[in-house]
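A, B, C and D label the chains in the order they appear, each numbered from 1.
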Amino acid sequence: MELTGPIMLSDHRYGKAENRIVRIYRDGVRHEIRDVNVSTVLRGEFADAYVAGDQSKVLPTDTQKQTAYAFAKKPGLQPVEDYALALAAHFVNEIDPVRRARIELEEYAWQRVSVGEREHDHTWVRQGPEVRTATVTVAGKETDQRAWVIGGVDGLVILKSTGSEFADFLVDDFTVLEPTHDRMLATSLTAQWRFAETTGVDWDEVYAGIRARMIEVFATHHSKALQQTLFEMGKAVLRAYPILAEVRLAAPNKHHFAYDLGRFGIENHGEVFHADDRPYGLIHATVAREDAPDAGPAWEP
Amino acid sequence: MELTGPIMLSDHRYGKAENRIVRIYRDGVRHEIRDVNVSTVLRGEFADAYVAGDQSKVLPTDTQKQTAYAFAKKPGLQPVEDYALALAAHFVNEIDPVRRARIELEEYAWQRVSVGEREHDHTWVRQGPEVRTATVTVAGKETDQRAWVIGGVDGLVILKSTGSEFADFLVDDFTVLEPTHDRMLATSLTAQWRFAETTGVDWDEVYAGIRARMIEVFATHHSKALQQTLFEMGKAVLRAYPILAEVRLAAPNKHHFAYDLGRFGIENHGEVFHADDRPYGLIHATVAREDAPDAGPAWEP
Amino acid sequence: MELTGPIMLSDHRYGKAENRIVRIYRDGVRHEIRDVNVSTVLRGEFADAYVAGDQSKVLPTDTQKQTAYAFAKKPGLQPVEDYALALAAHFVNEIDPVRRARIELEEYAWQRVSVGEREHDHTWVRQGPEVRTATVTVAGKETDQRAWVIGGVDGLVILKSTGSEFADFLVDDFTVLEPTHDRMLATSLTAQWRFAETTGVDWDEVYAGIRARMIEVFATHHSKALQQTLFEMGKAVLRAYPILAEVRLAAPNKHHFAYDLGRFGIENHGEVFHADDRPYGLIHATVAREDAPDAGPAWEP
Amino acid sequence: MELTGPIMLSDHRYGKAENRIVRIYRDGVRHEIRDVNVSTVLRGEFADAYVAGDQSKVLPTDTQKQTAYAFAKKPGLQPVEDYALALAAHFVNEIDPVRRARIELEEYAWQRVSVGEREHDHTWVRQGPEVRTATVTVAGKETDQRAWVIGGVDGLVILKSTGSEFADFLVDDFTVLEPTHDRMLATSLTAQWRFAETTGVDWDEVYAGIRARMIEVFATHHSKALQQTLFEMGKAVLRAYPILAEVRLAAPNKHHFAYDLGRFGIENHGEVFHADDRPYGLIHATVAREDAPDAGPAWEP
């Protein structure tokens, strides 16, 4: 097939990625910290920059950076979702060619240290590897304006040493896997949940609650497959938070293979494992409310 | 807003990610190598695994791995696009519950070494950092079956020390950037091109040609912005290859800041730069033929 | 200078790196987990393998791997230091050509999850980014045998938002830094402590105690420089644990620059920072007891 | 054992790590590029900063950074070894408390692009993954001053698909490995070579020559073990360059396991491999001239 039609600019967007902003609240002796990695993405009337090299409608990515740091002072980063909503609305409302702004954000957790049983006022250690994520989209001018908030967690590494099986699966000519009724199950969970509201939400409380709920289901649900566990986790989260429209989960099956010690006369009843790097299973699931409002551009990158 | 509708499984998919397969062709004294990282993704009638823990329609990800390695022998990995087409078609054609299969693949380049001006028969050094990518989707059974191929390159790091400017941009209260008419321009390019055909293509030749064309435009086009450079690169590729429906480009603007040596009485006329890590500008563009055939699920993850 | 002397093999060693072993203790309903990355390094009479291609004295690295997994069952990984001592002694005692064995080990921390206030029996989430390290060396046969244990922590990211200054430093023609009496101080600490004993130590308790002591000093000591903080941390650890011979600390000064918001009419009194990636200060200190026993080969890689 | 001796500062050093400097030579239309990652390390009379918080002898790491960038203009980075020698000498000669300076440097390679058979004047693509390294130490004041240069390469990934075996090795109770007389051999080589001279060397030519020699030996030498290959590589380098005192090689044995396709009735005669990530063998060798001059502090970090 030889295509002969005219060549044109189709979808386009631009922004400043990975602004590493740390915000200290030092209103009294006891400080608070919020530590984020913020990316801005703008869509709008920027075609001339691509097609003709005309920058007259282009807000420099450097300016987007300055704005991201300025907004960290006020309204500030407490909580991060309100910061992202304000920053996105600023770009759409104040910069004429911007039609849609998206703020993508990772928040790194810090744990206040204790000194002799007492919490210290201004020292923390990093907690991880998991990070909290937030993705906010604001689209449209004035009365047409709408906003979407997606919360999430990335890199939540969780493992159970029993209570998981995988059996009775489809078998073809390339199937050599043995069924098992007791295996280790481990993943590094990425989850994102879309809110049906963008105001009046206690973002920090909801984040903590969802995280706890997902962990609880992973731990207590007897798993017939990682697929099933993911679905149960999503269901539990939606049940607990009617403000959520949907949950998307992506979970690598981090394989732990029971090591063959029988060759050396050593029994290994689910005690010694090799944690393999690659390849890994990768399972995706979206769990949604049937009456979820339209996602609009919430999931568009 | 409180949602009360029933909770259901929506989109779902699963597969085996990052199978690290190396294929040696040793038909004679002179060997050939293809080195890939392959991921399989299946969609179809797998809801029961999520909702009820019923694996009877689930082809284990381990089986997908075995199949990926087996297909590396035959039809083999030369070229990778035909391998991916065959592997995807196998899953759709042979495994009843599979409705759609997607093969995502990175290929690592190896350069045959020379020993005293002569090419060696069976030794290579890795070339990088760039990798070639291919993403193949096969959907539908029998006469309904369709296929899509997306080629690409990832991590093509390219830099020009002059021939780039950025000026006459929009200015607001947060704009402090100075316009410049001579700057360094550098990026780590990710590009993907969708083919209008999936048969009869000399995949290796097209890859080399597109890569060369993009580099040529980056080098010779006087850039008024990275946006403009990307559009020109996409346009040149589509012009050269009428078999392509569209090109998607993502390019971080890897900032190189002229270092302020004036404080030490040292002139710096675009000679000494600090290569900054973060933040970075991030520019996206899609360039397409107006008569491009439907993308279908080609871009769905 | 032209060297004409004979060419010879000098220092040599070999081993199996990064065995990813997970050990589950499942003696009752409540399981325990130890998750490690283990590397073995052997020194001895292996010159012929290099010089003549003669493997007759070479214990394959695959065998070292098998042994590392086997020892994870018994004596097991609780605690990791005793495991490493046993594994190293095995290689020196059982494999004739081995003169010295070194076991390097990282341990990943897992936190038992809670379900409704109660600790769960067999589910954990990864804690990090910090890892516990252990390096054990066993050298010599029979009565000549000696052992050394080095404990440590890597990637302990810690930050204080005040209580740190840097002023009154040396100034030369290239010095433009302004002195400051209130800055943020952050590092990703690597610390290693050498024990004067290898038996009768409660390794887990000492690890927890040292970690707490270092954090406490970082938090409470008013810092005139990261150098001073490191020395105080080392001193406190040695004072608390007379069983330690020395402490080695390496600390990147992870710079957080107060962001210039004055340009936008916004005050920034130590509230908004840019967390910079590179470059970073890098400070090393060794703090030791004057009566520390000989380190022998403990620090040799 | 309880230690009771006084606690003291032992070894200490500090510097600025990972200055990312890019130097463009634009004397005419045809530009040249040198792209480096430079770290400075100073040793000297800095104990008071640790012990007493007294910075009066401390040259700020920020100043070291400024100096590193200033020296990139003049004497410049062509070649990098002379830059490092000049920078190190500057710190020792001009900053009174400095007794020893070490410059560690990685250089990233860029390949000039071609446009229609002609080399372009000012555009390059990154070559990798390998990087060139240099480590320069200058110690002592005035007539006591001495200098050492270590060149090197890091991440040179090289693979041969035949011409390698591993057999006739030591066997113990944990040995299950089968001997093989035809296997794939692959590594990611780190090599460092110490020069007996620091002046009058054509650094760029020697680097290219050593790299070529090592690759040639890897390719053409029939390997009975990676150990043997490393020794032969070191020997060849020393023979070719009498200016070198010693070569240190570190080589992970990047295992490629022949994939078991026999289960599916498919023959696999060294054609389909799984490239495993971890664990990997890790082999070290030092090859030296017997009349090599003293290494002094050249290898001290």
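The definition used in the following text is that contacts are C-beta pairs under 8 Å (C-beta built on N, C-alpha and C of every residue); 3 or more make two chains touch, one makes a residue touch a chain.
Note that the coordinates shown come from a computational prediction; the quantities given were computed from them, not determined experimentally.
*Asks:* Could you tell me which chain lies farthest from chain A when each chain's centre is the average position of its Cα atoms?
*Replies:* Farthest from chain A by mean C-alpha position: D.
*Asks:* Count the C-beta contact pairs for B-C and for A-C, then tell me which is higher.
*Replies:* Spelling it out, more C-beta pairs touch across A-C than across the other pair.
*Asks:* What is the distance in Å between the mean C-alpha positions of chain C and chain D?
*Replies:* The separation of the two C-alpha centroids amounts to 23 Å.
*Asks:* Whole-Å distance, chain B centre to chain C centre, using C-alpha means?
*Replies:* 38
*Asks:* Could you tell me the distance, in whole angstrom, between the mean C-alpha positions of chain A and chain C?
*Replies:* 31
*Asks:* Any chance you could list the residues of chain B touching two or more other chains?
*Replies:* 19-20, 66, 70, 174, 176, 263-264, 277-278, in rising order.
*Asks:* Across the complex, what residues on chain D touch chain B?
*Replies:* 19-26, 31, 33, 35, 66, 69-70, 72-74, 110, 113, 115-116, 120, 122-130, 156-163, 184, 215-216, 218-220, 256, 259, 261, 263-264, 266-277
*Asks:* Which positions of chain C touch chain B when the two form their complex?
*Replies:* It is residues 173-174, 176, 263-264, 277-278 of chain C that touch chain B.
*Asks:* Which stretch or stretches of chain A touch chain B in the complex?
*Replies:* Going through chain A, the ones touching chain B are 1-20, 39, 41, 46, 49-63, 65-67, 70, 94-95, 97, 166-172, 174-177, 196-197, 223-225, 227-228, 230-231, 234-235, 238-239, 242-246, 252-253, 278-293.
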